[in-house]
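Both complexes below contain chain A, partnered by chain B and then by chain C.
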Partner chain A sequence: MKTERLKKPLFHLPGNLARMPALDSERWIAFGFMVPLLLFVVLFILIPVLGTLVDSFSLDVTYLPKRFLGLENYDWLLRDPGFWQSVRFTCLFVVVSVPLEIALGLMIALVLNEQLPMRGLLRACVLIPWAIPAAVSGRVFELIYNYSFGAANYLFRVLHLTDGPVNWLGSEAGAFLALVVADSWKTTPFAAIILLAGLSSIPDDLYRQAKVDRATFIQRFTRITLPLLKPVLIVTLLFRTIDALRVFDVIYVLTGGGPGGTTTSLSLFGYHYFSAGDFGYGSAASVILFLLAFALSIIYIRLGHFEQEVA
Partner chain B sequence: MPKRIAWLVLLAAISAICCCGPRKDAVVFSVGGAPAELAFWEELIQDFEKQSGIPVELLRQPTDTDQRRQGLVVALSAGKSNPDVFLLDVAWLGLFTASEWLEPLGSDIDQSPFFARVLQLADIYQGKLTALPVYLDGGLLYYRKDLFEQFDLPGPPRTWEELLSHARTVQSKMRKINPDFYGFVWQGAQYEGLICNFLEFAGSNGGFINQENRICLNTPENRRALAFMHDLIWTHGISPPSTYTEMKEEETRTYFQAGNALFERNWPYAWALHQGPESEVRGKIAVAPLPALHDGESVSTLGGWHIGISKFSDVRPKALKLVEFITSYETQKKLLLHLGWNPGRKDLYSDPEVLEVAPHLRQLRAVFQNARPRPILPYYTQISEIVQPRINGVLAGKYAPEEALAAAEQEIAALLERYGTR
Partner chain C sequence: MKEDRFKKILLALGALLTVLFCLSPFFYMALTGLSLHPDFLLPDRPLCITLSHFHTVVASDSVHFLAFLRNSLIISTASAVICVFIASLAAYAITRLPVPGKVFLMFLILAVSMFPPVSLVSYLFKLMSALGWINTYQGLIFPYVAWTLPLSLWILMSYFAQVPKDLDRAGLIDGCSRLQILVKIIFPVAAPGIFSTMLLAFIFAFNEFLFALMLTTDHSARTVPVGIALFEGLYGQIPWGEIMAAATITTIPVVILTLIFQRRIIQGLTRGAVKG
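Take a look at the complex of A and B:
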């Protein structure tokens, strides 16, 4: 089967300005409407990001004279075991939590897409964890995992599953999984709602036709749902990946980076230096985080583009 | 109609932004803490305004120490004129003085009522007085007087070995009636308090050793201290496994206060709460200096809050009046009586009225006279961030003491090289 590239990419990159027709009055008005947003983007996103980039090239410690270092901060970072530890943790966190959240989110979306009684209420309920601030849900999970009076240990004791209380956050793997669970609880609804929007845009006719052709549920899912959902899936993946890369609040509240610094994410690593007044080094760590997110975004966008070829 | 409402909202927002700035002639005083503490500061500020006629604006900060530091670091590194006056944790003094953010308080201030050693160690920078202590802190050993009598133990332990043997005896007997009972609770979570605890276990010859711009950590004393801390949890089992995941000051305090421990290491603030009406251990406790190593002396880590004036303040003479008011005998006495804050002035420790309410101040005076500060260095916070996960990792069984200390020492050396300090 020959595929043809669609002219329309999934994401619009800035078009060729030279080829644009001269601005007539209507375009000027349209431009005028965009000015506030452009100002916002420049003031609150572009300038701070560039500022961080510039800062990452200098020694910027509150009590020392500021001086230009070039790439020296990055050189130090690459030799810092704490930095590598945080990169490893962050990547592992993304690789484990994002697929889990998307898979769970897809399941919830499929259920909510069916004709259920009180569907509207159910959809609203699913969103509750997403509406709770991460710091608050972190505290809630702190109470669940607590060693002496936590809900998890209480449940295990009542059900006679363990001999004594379990120190959930006490081992590297335990703390990691505890964070994944806490983060997934909060962000799965987000994935579910976006995927649900994607599901509801798939025409019912296709499913009816498939049923006439005696396609099984699995076949309908893999041949109709998944291919048509792919663009939305990739957008969800993109959002979740970037969000998981900069994970901070739930860790700050739940483990504080412990035990033994094993759950320090890249953003927590950078934060430690910022809050100690070492802005240059903290900025360099942030720039690396930014580059990581940027690279992954490009990959996803390419992936999204590619999927459009199946026309 | 909706358009008109939108305009009104916009106008209201603009006027709110314009009117919210602090009055220009007011002294802006930045202070954080628990709600009760902030409420009491409001009261004190009103007294000061009445007395002096100087308006003061209270800038509220969170309770969390790290967040308070961060808020001040951001304002001061931007050279902002607000806040004019602020409270500083003793651990930040090195950073604030080296960054030249503190205005010297001048030679008119009488230094004699304060603990000379504390001023010398923390507040005097390059011969100039840059801050004054408002509230002093030091690690203390709380213990259950009633259990000591019940199990016929002699007085409070003088060495860590004695503490260990008392804790084991009592714990094994108490476990029969209380499965949650532990011998000794202390702060082992990965945060600043862990460093304070470590320095006390390490004793008078351990801790951070500053040699010609090199920080030594991997010493026999420190290795022994770390092994002991690890063993308290894993070998002797007298400290709960949650020590290194959860135990900060408040977690330790509530554990001990629920009647679930024989010994507790905590700061003096716990005293008033342990003796409060809702406490399970009310009237059953006593305090003692922390134990020492069998061949050393007891060490208590100096903590507490100091007050200073910003170099960028535009109302310095008025700010100085506020500092004098807060460190005065009367105000310090009020802070002690209302909030249980241990005064930065030593003359209050012999005030009969004070001693009647807070008899434990007698012991505290000796503790403060010998308390050891954490290294007063401008890069102390960075060092602490490097060391915390290493020590916590030893408690978690991830590293051997030697391995953790050697790695931390190396990372600190790299930090100092990057700063060009070596």
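Take a look at the complex of A and C:
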């Protein structure tokens, strides 16, 4: 502050304004402004993640003395069929739900991008599933999938799609599908909103010119929309992939990981051990999930950086 | 012309399907909350409309729903306000001042936003247990502030970058400190952006589940998502009417917020994601 006041008489020289305050004091102010954020991130995110890493190398069970184990937890993990099942489920969940969400989101974005009456209201409708807690919408879907009186089996009966009611949450395939649908319903709006931003940045002139050239609707989509949307599509894809990889809320509420552990995601696998008091083993599973997500986010950041440099 | 009409029909159909896709679960939810029995979709089961489930949820002492709602509102609002203030300090520094190691810091913060919550929740649980902060507001507010900071910072940076730097210079000439410039000049100019960010931070804190599940054991600080997820009946039967009534009450403020601030929310979301 002091230096600023000292330099004040210089203000009538416009050329000196830019470097008016001394650089050193600016650095300190900048540092001071960053401190609260860094403090929160370090105390409540970075240290806990490191703590989890440390825990994963030890026997850390409630009421038992903590003991260093080295890589033993990981060794157990790699021989644990339950762990591999949750890895398989998580990967399958990502591979099925993310493309579905992006395809649906793209369709919705294409609709929202047009001149429609009540466009604002329509956009707000799309936002609502995203804005509701996943645990709450998970409960609604639990009711929808209810075996005896849920809406899903009602629709199937009215439309004569199956002979009898489907046991959605009690069968492996049914529970998987139920989760994919519930999760897509919740996250498609997000994909749609991001893709909409990409769509609206494509200049209208291109489409007008294409119309003059008598390009069909499909040609316009594949030759203009898709190529120009590619960067945003990739960003959305990675963003959604990282998010789907750590899926927890909807599964906890809808299937609890069942039936028979077939829908236990990696997050839920770790949580089950935490809630049973086995922090070491749960931490090892969490670290593996962390590494997966981290690798993907590095790709994401690289791509984002790349986009910025190009733009 | 033929193609135009075809396109119009297709669009109308698409819009209709979109609305159906997004809203039909909510109608089912509200209807079940209002229905005396949850099985009204079965043949020869009448639909009897009643407010009794809503009454139970609000009035019954054993349900604690209003306590969950109050906890959620207090925790999310406090987190959003603290988070946006801290994030705007940092966003100001990054867009205006020579922050040492700027690029590294931004990458770190972006990477942090993609950490799986399960990879820190066990340590947070131990930390909060040691501090005696299990079942307290601060036990959730602190992690929520940290958790929503990266996204808020990212969004605010894109808003602050648009504020002309001449305003800062004018402030410096008038003898304002950097903090005064931020509060007196940048905040009013970037108010819409700050408000969008606060809305998003609020929604993220309001929707958070795993931390709230791990860090609360009773109704003194438990939030709505966990309350509704763990809502079970006394006699083994799931009280669908009450659950859906509670879900409906939770949904109403969120729907009102989204209807009013749809544009702000979308703007914030796209800045947070696409600019990354």
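In the analysis below, the second predicted complex is superposed on the first by the 251 of 311 C-alpha atoms of A that agree within 3 Å, B and C clash if a C-alpha of one lies under 4 Å from a C-alpha of the other, contacts with A are read in each partner's own complex, and residues count from 1 in each chain.
Criterion: a contact is a pair of C-beta atoms (placed from the backbone, for glycine too) under 8 Å apart; a residue touches a chain by one contact, two chains touch by 3 or more.
In this text, all values refer to a predicted model and were calculated from it rather than measured experimentally.
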item: Partner chain(s) touched by A:Gly277 [first = chain B, second = chain C, both, neither]; value: first
item: Which superposed partner A:Ile45 touches (first chain B, second chain C, both, neither); value: second
item: Touching partner for A:Leu127 - first (chain B), second (chain C), both, neither; value: second
item: Touched partner set for A:Ile193, first chain B, second chain C, both or neither; value: second
item: Which of chain B and chain C A:Ser148 touches, first, second, both or neither; value: both
item: Chain touching more of chain A, residue-wise (chain B, chain C); value: C
item: Touching partner for A:Thr262 - first (chain B), second (chain C), both, neither; value: first
item: Chain A residues contacted in one complex by chain B, in the other by chain C; value: 146, 148, 274-275, 279
item: For the chain A and chain C complex, residues of the former touching the latter; value: 1, 4-5, 8, 11, 17-18, 20-21, 23, 26-27, 29-31, 33-34, 36-38, 40-41, 43-49, 51-52, 55, 107-108, 110-112, 114, 116, 120-129, 131-141, 143-144, 146, 148-151, 154, 185, 188-190, 193-194, 196-198, 217, 232, 235-236, 239, 242, 245-246, 248-249, 252-253, 266-267, 270-271, 274-275, 279, 282-283, 286-287, 289-290, 293-294, 296-298, 300-301, 304
item: Chain A to chain B touching residues, read off their complex; value: 59, 61-64, 72, 76, 79-82, 146-148, 167, 169-172, 175, 255-262, 264, 272-279, 281
item: Of chain B, residues touching chain A in the complex; value: 66, 69-70, 73, 76-77, 95, 98-101, 180, 189-191, 240-242, 244-246, 255, 260, 378-379, 381-382, 385-386, 388-390, 392-396, 398-399, 407, 411, 414, 418-420
item: Complex contact set, residues of chain C against chain A; value: 3, 7, 11, 14-15, 18-19, 21-23, 25-26, 28-29, 32, 38-42, 45, 86-87, 89-90, 92-94, 97-100, 105, 107-112, 114-127, 142-143, 145-147, 149-150, 153, 169, 172-173, 175, 177-178, 203, 206-207, 209-210, 213-214, 224-226, 228-229, 231, 240, 243-244, 247, 250-251, 254-255, 257-259, 262-263, 265-266, 269-270, 273-276
